[in-house]
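The letters A, B and C name the chains in turn, as written, and every chain counts its residues from 1.
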């Protein structure tokens, strides 16, 4: 079964011909194609990961990201336009539509030209905020690149990102420091759970517009860690949308630029190339993709259930249970990493949880990894159904930053005791009194009738009946 | 001589065969008439199940036929009352379904492959024929005149009061319950008369059947003890009474406790306590009678009488005490509202909201009973002539049932049989008197020896008769007077038949599933929106799509659309209904979480504004509000749906609460697109609607039936990008979001 | 502990507004007043004084119109319940831990208040939660109770008040035991028993009189079948005038009726059934042929006429009814 499954997945991958789990057609939108050579190494990386790139200019009016109502491309890289906006074929509405249809978007910003309002409003819809004045960029007077930005302090040196939280995997681990030149800082709204910063600015950074030579900045747009240089949005359908604050960090010159940190003499090369690779991998769903394999729940009583063995047994998910029975639940989750499916191991301090709920959860249990196959982990647990009949849901709702969301819901009916499932009366010791009473009455009645018939004369009895 | 009680019997002895043959033929024709007069609906429309409850019974019957009796008994229905489900097997009266199931299997056994639907549709008419026969038997027990029974059967067969619940297609419990009611009473009378355990056991048997068929069995449970009690009070205690009552009570209680829905009610709830009390009383009285016969000393008997009273009082007090302490359940709301008529309106809006629980105005009585309504008192009066035990029963039944029928429209059903019996007694009395050929000769009457003899006999028989029966019967002299009365009665009878037919065809034979309307040219036009919408649901929604609607339509959705519903006509869970009421009567922002929590996929509303169909949800809306207010008095307030001048309006003056309520929005969404601008007209409320209609954000229109009677909306999923629906819709409309950080106050920082 | 809390609660206003008359002693003197007589009888001045912010106590005010000239039946019905509630609450916490005042503002004293609140209807209950102190509510708007559901009992108002109050003692409504009623009932019962025992020889034949029972049950049947219960439940008017100054005895429409209408109908039924009884029982017992045939014609005529009149009345109620009998 498991083998078959993995074969199937592999065959699928072969068909798609890409490392991405969701297709290889990648569209790059940038205004003048002359610029594309500046990013050639980036393209090579992508081509190396077997994407088929196609470059289009937003001015091209034949450009369309949809064809016959379906996506014409799987992924999108948007370069910052120098003019007003991205044109009629890339309006915010269309881009959201693209995301709704599971397309992934990598949006790059640059502080050289003011960000067009279309993009600003698009980001606003996703609750990502840009500085009010369009020319603002991120300045840090403490960790800047001494080589390139000696006095302007607008090339930030940021260490490789750490894991966001203890219970979140880190997909952007690179060694070395990342140079972020002339970035547009983004502020992330903290209401939506879909947003997560990938690369934060240093604690001493702030957003500032060099055009107006103000001595002091009062009420900057955002400061310090609140400024996100590269931020990620993952929609409910786990379509991914990444904002890269500075397009320049993808250019060849910055891929292997020599940089010097403040206070240190020796010069190092940037880790931009690796970081760009990581970011694009994540954005185009090469990493952090969860797949749910076999999911089953079954009555855990009576005979030993055979479904745990991996041999091809048909899935056995009864639609109806009885209250207060012991039920087992297993779910098979595997994580896709750029070439293959591997067993998913949740980060330490995190659990995959199962809810058994009607209106509100009656059980919320953390699933324990029972077994591991070549490319998946089998989580499972078993519990006793509550003493409440109704229509319940087995629900695994596992949504974490940087991981595609897992929301598996199985509806089952939990019925009451049937008339013949109660203990028989003679098994209840308290009922013996009553049973005895019944039989005593019956015996007494029979004895009485016998006595009556014996004692009464026949013809008298006949008279009575008349 | 003309009609003395023994006269027909003598005649009967001469030609019994012809008479009985005639009687059988007459009864058969009556049954045929009864059945055929209930077929209007099938002829007009089609063989279809009617109204609301029948749809559930039909569904349950199908389940029974498919899955067998035991799985029906243990049926847990997971397609109603989502997500609570309903323990259906234990909370219904299975008699109806089991009956039609048995019929189905018998026909199968006889190799008649009849569709179960046709059995269900035609069950009620079939049983109405049996009811006529049972009425015949009952009446024959009451009076000696044989014509009374036939008349009563004929009355029972065609009286609208009974047809209203038993036309073809109204597949409801009453369909068989009325037959069982009448037949049980017949058996009871028989038992009291003969004092035989056999008939008492038969009574118990059919009583058990009745319990399994209809909640109205409580009427029998209280009427028979009352009869016994009155007889005891009249000093008419007899071993016959003792035997029949005790055998009925013991066996009948056991039988009724076999129904899961009834269970231990017969010994736990107040409705059944009278039967128990009379049972105990009978034991005491029987004991006293026994002792009295043994020792005739005067004082001892007074002592015993005192003893009886004391014991009775003590046990009564004990019952009251148990009721107060809660061991015995107090009167359930429905029954309590029969006595304290104001009770339901204040405490149980869900009962008060049902139209058939309203009191009865006098036209309804005349409408359902026509001429019998004034023959009825006469018949009751005649029962007082020689007040035998069974005639006492008639009197009690008459008074009680007319009270109940006055309080609740639907209880007209229990009144109808006794009306038929009583008026048949009265009418047959007249006919017997005036249709006897031979008339007395005055001179024989003059010296009047036989007359005086009969007087003596009468006065010997009844120490105190009615004033009107003091004088001896002499008969009618002139043929003209006979002819007048007979002709008049014939006219009345024909009028009665015409009335019944007219009422049946006009009032009682439309299945409220399919509406009929007359076009200007008088031709009939069928409005079939309900089925159109239900079949749309059946065809276009997933198998498990949860439908939210007001509870009136739950059974129909379950039956016709075969989709899970949140609430339905079996209103066992007031809170759940109130939840739906709250969702309907609140703002979208409040309703949406409720609908999400209950996994609602579609919302169905009934809107009559276009067609002028007055039974729509906006007119029922206040009940939803009231029921919701009963549970959430702070969140839903009925007052906010009335304007400052206390009017209930839907036009421009409607209160904001009304305009923002989900029900209002769903009813009038896009409605004014049908009309030229500003001309939108509601033909039920007869008002002009606001110029711009309501906007919906969390749900979207999925289906609207031909005449807009039913509108179905789909509940949107959460927004893909975590926005609230309002702003998502605003964005799709193309107006920009304003810069978010214009908001005042300290900026909230991200912690991660 | 609670005292400490109260102290802080009542001290807060000091710090808040030193200028205003501190609500603490306002609370105290109202407290003394209420201990003497509750609910407090208010007028415009004391109403504003009692309900002005800041308060560290809750106020429940009944705005009513007791005087007969306003003809507010509901007010007068509710007044004893209201006083019962207030008294039992005040006696319930002698130490005043719930810090609730009950006040009554009659329209006679409080016209300006009624106008300022734009009240068209009475009675109305307003509830002011404390604005300062431990359990203050943010919104200063008083929550309002309208008697839309008809007359209320003290318990229901108690439930409403305690729903709006923050946690704290909520003394239950204690109805005083009505000794007078008990005594009177017992005496009545005993008197009845003695009466029965004394007059038994005269009553028993009366009880056993068949005519009496017949009359009783016939009257009951006629009453019920003529829709008396409908009048009783729906409280329909006895008669109502038509537009032209006359009286309309019959209400239009199938499902509504007047009190007098039902009596007329009952009378018709009575006459009809009496005629039937006479035809069936009395007439065959008349020994004189002439009288008998006369009686037959008389009663048949009565039945015929009455029935046709009844049908005409029914046609009036139910438009489409096609059948009729000649005279009417």
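In the analysis below, contacts are C-beta pairs under 8 Å (C-beta built on N, C-alpha and C of every residue); 3 or more make two chains touch, one makes a residue touch a chain.
Since we're looking at a predicted model, the values are computed, not measured.
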- [ ] Please categorise the chain-chain contact pattern as a line, ring, star, complete graph or other.
- [x] line
- [ ] Indicate, using Cα centroids, the chain positioned nearest the centre of all protein chains shown.
- [x] B
Task: Averaged-CA centre spacing for the pair subunit B and subunit A, given as whole angstrom - done: 56
- [ ] Measure off the straight-line distance from the CA centroid of subunit A to the CA centroid of subunit C, and report it in whole Å.
- [x] 61
TODO: Would you mind pulling out the distance in Å between where the CA atoms of subunit B average out and where those of subunit C do?
DONE: 30
TODO: Enumerate the residues of subunit A that touch no fewer than two other chains.
DONE: none
TODO: Give me the residues of subunit B that touch two or more other chains.
DONE: none
Task: subunit A to subunit B touching residues, read off their complex - done: 92-93, 96, 99-100, 121, 124-127, 129, 132, 164-165, 187-194, 196-197, 221, 226, 233, 235-237, 239, 320, 358-359, 389-392, 411, 413, 415-416, 418-420
- [ ] Under the touch definition given earlier, write down the residues of subunit B that touch subunit A in their complex.
- [x] 70, 73-74, 76, 78, 82-85, 87, 90, 260, 544, 564, 597-598, 718-723, 727, 731-732, 734, 736-737, 739-741, 748-752
Open item on the list: Applying the document's contact rule, which stretches of subunit B touch subunit C when the two form their complex?
Closed with: 2, 341-342, 346, 359-367, 371, 373-378, 380-382, 384-385, 387, 395, 398-399, 402-403, 405-407, 426, 429-430, 433, 442, 445, 448, 451, 464-469, 471-478, 480-481, 484-485, 488, 491-492, 495, 498-499, 502, 506, 633-634, 638-639, 644
Task: subunit B-touching residues of subunit C, taken from the complex the two chains share - done: 120, 146, 148-150, 160, 163, 208-211, 213-214, 217-218, 220-222, 224-230, 232-234, 254-257, 261-262, 265, 268-270, 272-274, 276-287, 289, 292-293, 296-297, 300, 303-304, 307, 310, 314, 317-318, 320, 322-323, 325
